[in-house]
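So, here's a batch of structures to check.
Two complexes are shown next, each including chain A; its partner changes from chain B in the first to chain C in the second.
The block that comes next holds the complex of A and B.
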């Protein structure tokens, strides 16, 4: 029996070391599992000797979800993926342990590949995450079989017993503001320096993304990796504004930004469950602008985009 | 007329090789003849015999035919399989010698060996394309099904590594190199004999537990790799038992620290030579040199 409707196929992410977990408000989820079987040919013969493995089995899981901001994971406000990303990028330890991801009874130990979310004016923020499932030792990358969740997704989503706050605990562009230093500021060269005309950009939206590089260590005599190392991460924010930054510098200007993603309930922003909660924070450290672009289409204003990147 | 790889069968000593690629080269040793006060010449002459090399990669399927040449070729007592004959699509040679052989062990990859046969002769025959189907059900060994046993000292002791942190073997190679030189007599273009030089076996393996222990005179070390088939039966083995010769540590951005060890073995003969017993003139077994067991030592 595998006729499972989507309301019984929740996506859960759980860290096995700390046992912290969250059922995410996923809008979709896909799991892939593949091996590396390929045909082997020999000279002097037509056709393959057979189809044989030339690499390990590997899986991946990716899903989109609403940016929940009311949880607290790994001492970080926000959803568990945000806490995980924050923990990995600030980690000085190379050893990666991964988290268990389960969807409709199928699960695997995954290593965060990428995480992104967007904040647009008057829109609900959505996030996406993808994990690579390498397996470990004798453990398969993907295991289990399709099975429905005991309760519907709406009944067990978010942190335990926190359904009341879910409605207002979703990131939204209405109250979310980018840090003021993220706005592009330009000056008019045609006037004297003492009276330079200053223009400050208006931010319409921001897309945040971070990607991680993991390095599984395979050895002979074993299919799955002995261990997996986290190596580097790269982070970027694509900001849409109304000012074209023609003053892009050769060496770049290094700045740190704190994005504070807030929901629709301003009261929650001031009180919060922990008393100090003001939204899901993402700190981008020592970012530099690497590009600036502008485009215009029919029935729209000219919009510019700039990309800020940081590396870990 | 062009042909595809499936039209040229590769055979060595009549045995078909399941090669993924093959390279047959043939060359002369022609030198230009210059005279005094001459910068240009159209006069050439051979300075050595003709010869070539057959190099190929092939899949290991079980007991490897070429391994017998590592221990047998050029050794005494002379075995029957001293000389290799080759046939590549109908082009043949009959005076080949195994000069290099290597096997790569990479995680989750088919075990592939590389062999180079050097021959001192012209190719004979004509290219005759074949059209045959592949051999069904061929089992190719995979590095996933291997077992590595070893003795790699990390200090001057008889133990290998640290018990709490047993060595992990990531990848490696088994290499064999032999020096074979042709011996030409007067009026010969095909050597009547060859002389065998040193033969060396070494194994390079990437391991964990970086350490710098390496005595100046080496240290005995041994790496042995068992390859198993799908039924988990050991069907092939590669062993290098010799001296620990080299350690390498390498690091690169985005990668883990890699340590590799090199074990070299100079003796490749299948049997060890040792004096077992001396039979004296009366037919009795005795020591080496009568009366040498005393405190004065050997006389």
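The block that comes next holds the complex of A and C.
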């Protein structure tokens, strides 16, 4: 059957080593598989010798999904992508094993290339992730054929059947606050220190992103890499406020932040009382502000943006 | 026998003042819940809130009761909310009530025609709370101002436009749009502030029974652009006591229309528009 409706095309991510997995609430998904065929020419011949491979076959998969907070993955509260990102950037071992990503019967072992999410006032948080599929040994980067997922979201992969109810586990700007030290604070230096007016910015939205670099090791006599190593990662947060910080320092000020993306508390939804619901944790270590900008358009206030970056 | 609630059991109070002469009143909110559709979704559909939670209040009144004269303020209570200040209130219906807080006027209109009492209509957006429940325990009515009976009518109003000495105005309406810009921050469901937007758009529409009115050229702009000062004065019925005055300078003529028919006199409609910048 070639015609598969979206309700049978769940995006599943599973770590083969720990068997932890999750079906994500993806709004779209795209899989690409390509080879590096290029024409080869030679002197004395008008036409090409042929179209020949000049590199390994490689794939990628990317999807957008709701920022679900469904439990602890790799000892990190949130969803499996957030847990995966946290695990990679804090790893002490460079060897990367990748995770299996499956959508409508097509799957591959992917290495997290980038992960991002946004939190905006009064809006549900959405995330996006992209993986590079290198393949391994004799395993193709992308395999399988289109097939409908027969099962529903709950309980079909790993241990996610025991996760919290999904409706109360979606990150939302209504319930999320950035750590107070993230707010820009400025002082009016045109007056004496004793009467300085302190201004604290209000955060209207925050966009988080992290990208990873992986290094696949190829050897002669084999198309796909023997192993893949994680090398570096760069992380950034773009914060929208209403205060412009013109005091950007030359060397930057180093701070660490713990972002706690929260959704509706299950206790609040069921009984009206706040429970102990924990949000999705993202720890940004030794971040420095690298830019300040300000913009204004018609029918709006002047909004400022600052970018905080960290490297791993 | 099923009970019903009729007009005598309905009441609107805004900032402690009972609104008189109400012809229509509607208040509404809509849920911001969106379904959780996703790839591979199965089982039940759940919901999550998306977008700000706001309510709307629409009030239509006839201008029969007005506030006492007070310099700097309109005697029509609702017109005073075209500025920066919000209002709160309560709607009584039978033995029940619902409340609202942080209401901001978005449109204010007044209209009148031959044989009618001038009517106002307002549309407001509620950024605070709306409904019933524990959130409203702290709601209090502020000191009230009692309006007095001052009936206006079409027979005791003045319209100052230079074309009306020979052409009869059969109806007019004034529409004032006051934009609002709510600012929502992370972590809370109510705006941290509401900016009174600028400029304020004013549209005045007239309907004339024509004697010698000349329709302008479609290509009047920009060479022959027509600007008019418009003053509409509402007086107490059979009196020279001025109750309300709508006074707009340099209004741009933006449209004219001609309407003829077998069973009516020729009528002409035209629109004047201006924009008012809020004071700093």
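Definition applied: the second predicted complex is superposed on the first by the 287 of 312 C-alpha atoms of A that agree within 3 Å, B and C clash if a C-alpha of one lies under 4 Å from a C-alpha of the other, contacts with A are read in each partner's own complex, and residues count from 1 in each chain.
The working rule: a residue touches a chain if its C-beta (ideal position, glycine included) is under 8 Å from a C-beta of that chain, and two chains touch if they have at least 3 such contacts.
What you are looking at is a predicted structure, and each value in this text was computed from that prediction instead of being measured.
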Report for A:217: first if it touches chain B alone, second if chain C alone, otherwise both or neither.
first
Going by the contact rule set out at the top, does A:279 touch chain B (first), chain C (second), both, or neither?
neither
When both partners are placed on the shared chain, which of chain B and chain C touches more of chain A
C
In the superposed arrangement, which partner chain does A:65 touch: chain B (first), chain C (second), both, or neither?
second
Figure out whether A:299 sits in contact with chain B (first) or chain C (second), or with both, or with neither.
second
Quick check on the superposed pair: does A:226 touch chain B, chain C, both, or neither? Answer first, second, both or neither.
first
Of the partners chain B and chain C, which touch A:119 in the superposed model: first, second, both, neither?
second
Across the two complexes, what residues of chain A are contacted by chain B and by chain C?
none
Where on chain C does chain A make contact in their complex?
32, 34, 36-43, 46-53, 179, 181, 183-189, 192, 195, 197
For the complex, which residues does chain A have touching chain B?
36, 40-50, 52-56, 94, 213, 215, 217-223, 226, 229, 231-232
Applying the document's contact rule, which stretches of chain B touch chain A when the two form their complex?
5-10, 16-22, 56, 58-59, 89, 105-110, 130-140, 142-148, 168-172, 225, 253-256
Where on chain A does chain C make contact in their complex?
6-11, 23-29, 63, 65-66, 103-104, 119-124, 149, 151-154, 165-167, 170, 172-178, 202-206, 242, 263-264, 299-301
